[in-house]
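Both complexes below contain subunit A, partnered by subunit B and then by subunit C.
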Partner chain A sequence: MSNASTANNNMAEHERVADSAGGAVANFATEQLSLVERAHRFFHSNPVAAPAIVLLMAVLVFSMVIGERFLSPFNLSLILQQVTIIGILGIAQTLIILTAGIDLSVGAIMVLTSVIMGKTAVMLGFPPVIAFMAGMAAGAFCGWINGILVTVLRLPPFIVTLGTWNIFFALNLWYSQSETIRYKAIAEAAPLLHWTGQSIDILGAKLTYGSLLMIGLFALVWYALNWTPWGRHVYATGDDPAAAKLAGIRTERVLMSVYVVAGVICAIGAWALIGRIGSVSPQAGMMANLDSITAVVIGGCSLFGGRGAIWGTLIGALVVGVFRNGLALAGVDVLWQEFTVGLLIIVAVAMDQWIRKA
Partner chain B sequence: MSTHDLVMKASGLVKRYGHVTAIDGADFELRRGEILAVIGDNGAGKSSLIKALSGALVPDSGEVLLDGKKMKFKSPMDARKAGIETVYQNLAVAPSLDIADNLYLGRERLKPGILGKVFRMLDKKAMHDHAREKLSELGLLTIQNIHQAVETLSGGQRQGVAVARSAAFARNVVIMDEPTAALGVKESRKVLNLIKDVRDRGLSVILISHNMPHVFEVADRIHIHRLGKRCAVVKPDTHTMAEAVAIMTGAMDPHEHPAGAFAE
Partner chain C sequence: MKLKALAAAAMFSAAALSSSAFAADKPVVGLITKTNTNPFFVKMREGAKEMADDMGVELRTFAGKFDGDNQSQVQAVENLIASGAKGILITPSDPEAIVPAIDRARAAGLLVIALDTPLSPADAADATFATDNFKAGEMIGQWAKAQLGDKAATAKIAMLDLNTSQITVDVARDQGFLKGFGIDIKNPNRIGDENDPRIVGHDVTQGAEEGGRRAMENLLQRDHEINVVYTINEPAAAGAYEALRAVGRQNDVLVVSVDGGCPGVENIADGVIGATSMQFPLRMASMGVEAIVEYAKTGKKPQASEGLDFVNTGVELITDSPVDGIESKTSKQGLNSCWG
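Up next, the complex of A and B:
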């Protein structure tokens, strides 16, 4: 009986002792932090900081070692052109990875939709706008297939996209009959598809519309991720799907929308690809899948979902571009470029492991 | 007992899973502005009862009244729209989003006019201001860190965010499922005070807890659930903890107690 009366007396003895220590537990108080902890917190709340520092240092080192040839407006715009395709696919990849998925089929969707655009315009003789729309629709459809398999059949995204990678690529070979559509044919039938390859010159820099398109896409997706409810839901779904569901988010619909949007972005990547190489080749962009993942990972996006910023992917793509270009200009063998990129990936993921610890 | 102003009332609730009866004709009454604790042994069916009240399950029969109106909740969203908020044991917060984002997760506010309608633009300022206001009302805030990610908070602070979220949006009822289960002594204290604050602001609170001292400290009345139905409603000042546990486990017949089985 006596323990009941103390309870009615509001709080038990052992709690009074704790209470005299002050009720500061839930006050969100700031505490003293060591330098390492402060660095950790900084990188934790600024996921773009680490890749930005790497990019800055790479640019500095290459400018000092190579000098003018590296730092010329022309060379810098060349790097931008070189990262355009990977950057655009990286946007799609970022969206998927933010939901804790991974998309191995982005490159295959890009190639397939480029073939569809080229064929519709050149072989079937449709107006370029229709060909373009057909490409976008095909991209959306490919993404929709991935989305259905992930949300309805609940298969792991890695396996789904490993499968659809092969399927889309096989369809691409079948539909194109492994034939390249040449530059001249496209230029005659559908100059619209070459638009992304045209450029404007500013102080010797050669900015292609494709590169500008990429930057525009980054801005658009940044807005969607940071300034719309959809963006919040993408982060929440990737972060903790059970919690997101309890908070009233329809996570399946969010996932579905992400895969469809990613498919459309891959189709836009196809447009940039046609502009960049001039022709439509069913063999183009073979490495694009893994390169896009590389850009996202180096950009500081967590493979476990819910963490990362879209600009990180642009920086990640630029880091790879700067290293490849700089090392090439310095006369370093291609294999050491690959070696360096591999090193960067591992460092980036190690950083992520450390940063993710709350 | 009908003289009291009831916010929520349920009668004859039944829910069967195959040949298991989780809710066996349970009744439930929640008064306006009270903290009603719901206690019961594991398997007594109290979580099923709570799920039926929060829309997480649809009972086979029986009815739920909110403010005298019959309710048919098909999902937690329905209950939420009716002004019933639930704080889940596993908190339902997104760790990497900040406090303000979490408060508004799933019900973001859009900018007025074309920015909101066409561009779906979030009204971050309104959300942050409101979040800040709610958190400081509940004494949970030192102003600068509303942009802190939830994962950087302690368990008690996260619970604080979850409670603040429910208090900010509930119009009638807040359901709290084991809010102190994962917390230390001091953090529990803070959360218990929060629960009382929520009640003092005029909301009704349903508190599910296994912690008898906590229940007896904050509850106005205690709903004792046993074998799928309500077997007694007692008050902390008419019954002792030992008696409540005895009723809950079946060691005591509540009708034999001088204060009776149903508290007035």
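Up next, the complex of A and C:
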């Protein structure tokens, strides 16, 4: 009994102290924020917001200047087609950049795997399905090489992929003997490889299976990144590898898996590439690595890893696509298209720096 | 361990030295291409190698890592000067920036011949062996005009160029085509200063399929009625054709191109491309080797073709729909002389 009364007394004592401290626990929420600070917080918690606003504004401005020709369902679907390859490579690039890496070899992996698919089907006469699988396997293998060099030899991803970019590209030239496989040969031997180029019409819009495949891939990777342990481990590893390790994440294995998955996604990009250009060309995709990085950066993904959303990359690719298409329809000289894309990159990175300031 | 490696390295370099000393008995000719990836340059190397073997000279080949890589080409020139080569064949990646290195080579007594792309200024080399790119464009322009007949007066033309740098080859083909089609080209050194309403627009392709398709799509969006498409090369033409096929226009649009690569010639046979002007990289290189050997023997330098400031290595129109008054060969004949 006496024990209980002591407890009561103590409780009262505790509550008295709490009372005297005042009820200002949640005070910081009511402090007045300037507009800039509020914007900062908004962008900090919504990494996709900034590129989405740029995209909306670009669409708005071009619709006003060019009108129906720009805003027609057909033209909008055309833009989607034009960003398909960079979009798919952008998914691979986003995964790598989320781990604070960078992959300069995505374009070379894509071209190499497209040549492997084309040659296996057309020159070696294997069934298209086997050719397709061979391409996917080659993509995974290329990614695995990158992964081994990054995780086992602990070389910086920039250097590793700078090296493998050249190696994969040289292998592509050697294996293809710099020869193009033409549309007709592929159409006869392996129509499966052209599947991504076929399209369905919806209200005047022409959606290719390649574009739909890209959107499907974005959704799949979005799900994997946000709703599976693997995805959370990717973010954790990119944000702070040491902390991730202490939390029990096997960061090496996560990195390894990211490079292999990226390689396979590049091979899927190769499939979309064959559908789009009709032929298999060892000269294709020369600048695809830089274009994919551009899409990721404009999409608001931080080059320092651990921050960014996969949909941002799609928006980033669309921003570039909308500017190129819109400026072209408006009859603006091509060099100003390049100028604009350059400007967008600088603005995007400047935004990222500002947003990252806590 | 370290000593062993050192000894091995010494032995290796001694072996390398003696082998190069051995090779130095034969006169050396250098070939420097923009890259070693493009089939055009692969064919060039083939032509040079064959001729070098025939004439008993040693061919050393170099290439930039990418189109525009001047640094590697400068190093190649320096290596060739150091090894006492008789002459250099070069397709300059940067026709202006390479000139100081070329000056050093010529001062050291080497004959320098620019292949395919002239130096800037052109007389920085002893000679230039190249396709007459203006003529190449003019031929496909004339062909397209003749194909259309009366409708040429109301044609809608899409111009798919290389890139935004307005390099000489790009400009010459573009302007040649327009002149051949009968359009006032104003300044022949400038793409895009024309104001003929028949030109829907110019766009760039990077000389590749994907660029060709995107450029064609965007120009079609500007004007659906485009019925003549000029392309800088055959991969760009193949890409443009895909864009036309996607909107069901592949059969009522004339696509013309320049190059004469084997896939391009096969695309003539398949009706993808209407006509193409074939150039001869193999001949450029073999004639170049010949000229250097001649110079080493007699000191005689090659003379430019009449009316031109370079040695014309020839161009032929390839088409399966010949028109009166324009000499041409069929795709079947073209397959015997195509490259790549």
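Just so we're on the same page, the second predicted complex is superposed on the first by the 326 of 358 C-alpha atoms of A that agree within 3 Å, B and C clash if a C-alpha of one lies under 4 Å from a C-alpha of the other, contacts with A are read in each partner's own complex, and residues count from 1 in each chain.
Note that in this section contacts are C-beta pairs under 8 Å (C-beta built on N, C-alpha and C of every residue); 3 or more make two chains touch, one makes a residue touch a chain.
Quick caveat: nothing in here was measured; it's all calculated off a predicted structure.
Participant: Per the contact definition in the header, classify A:Leu153: touching subunit B only (first), subunit C only (second), both, or neither.
Facilitator: Touch partners of A:Leu153: none, neither subunit B nor subunit C.
Participant: What is the contact status of A:Gly331 with respect to subunit B (first) and subunit C (second): first, second, both, or neither?
Facilitator: So A:Gly331 only meets subunit C here.
Participant: Can A:Leu78 be said to touch subunit B (first), subunit C (second), both, or neither?
Facilitator: Second partner only.
Participant: Based on the superposed arrangement, let me know which partner A:Ile277 touches: subunit B (first), subunit C (second), both, or neither?
Facilitator: A:Ile277: touches subunit C, not subunit B.
Participant: Touch check for A:Leu203: first (subunit B), second (subunit C), both, or neither?
Facilitator: Neither partner.
Participant: In the superposed arrangement, which partner chain does A:Pro229 touch: subunit B (first), subunit C (second), both, or neither?
Facilitator: In the superposed model, A:Pro229 contacts subunit B only, not subunit C.
Participant: In the overlay, answer first, second, both or neither for which of subunit B and subunit C A:Arg41 touches.
Facilitator: Only subunit B; A:Arg41 stays clear of subunit C.
Participant: Given the complex with subunit A, which residues does subunit C contribute to the contact?
Facilitator: My answer: residues 36-39, 42, 65-66, 164, 192, 201-204, 206-210, 213-214, 217-219, 221-222, 235, 238-239, 241-242, 245-246, 261, 263, 266-267, 270, 272, 340.
Participant: Would you mind writing out the residues of subunit A in touch with subunit B in their complex?
Facilitator: Within the complex, subunit A touches subunit B at residues 1, 3-5, 7-8, 10-12, 14-15, 18-19, 21, 23, 25-30, 41, 44-45, 223, 227-230, 232-233, 235-236, 239-240, 242-244, 246-249, 306-307, 358.
Participant: Any idea which subunit B residues touch subunit A in the complex?
Facilitator: 76-77, 80, 88, 90-97, 101, 104-108, 110, 119-122, 124, 140-142, 145, 148-149, 151-154, 156-157, 160, 185-187, 189-191, 212-213, 216-217, 236-237, 240-243
Participant: Within the complex, which stretch of subunit A touches subunit C?
Facilitator: 69, 75, 78, 81-82, 85, 166, 169, 173, 178-180, 182-184, 197, 199, 206, 273, 276-279, 281-287, 324-325, 328-329, 331, 333-335, 338
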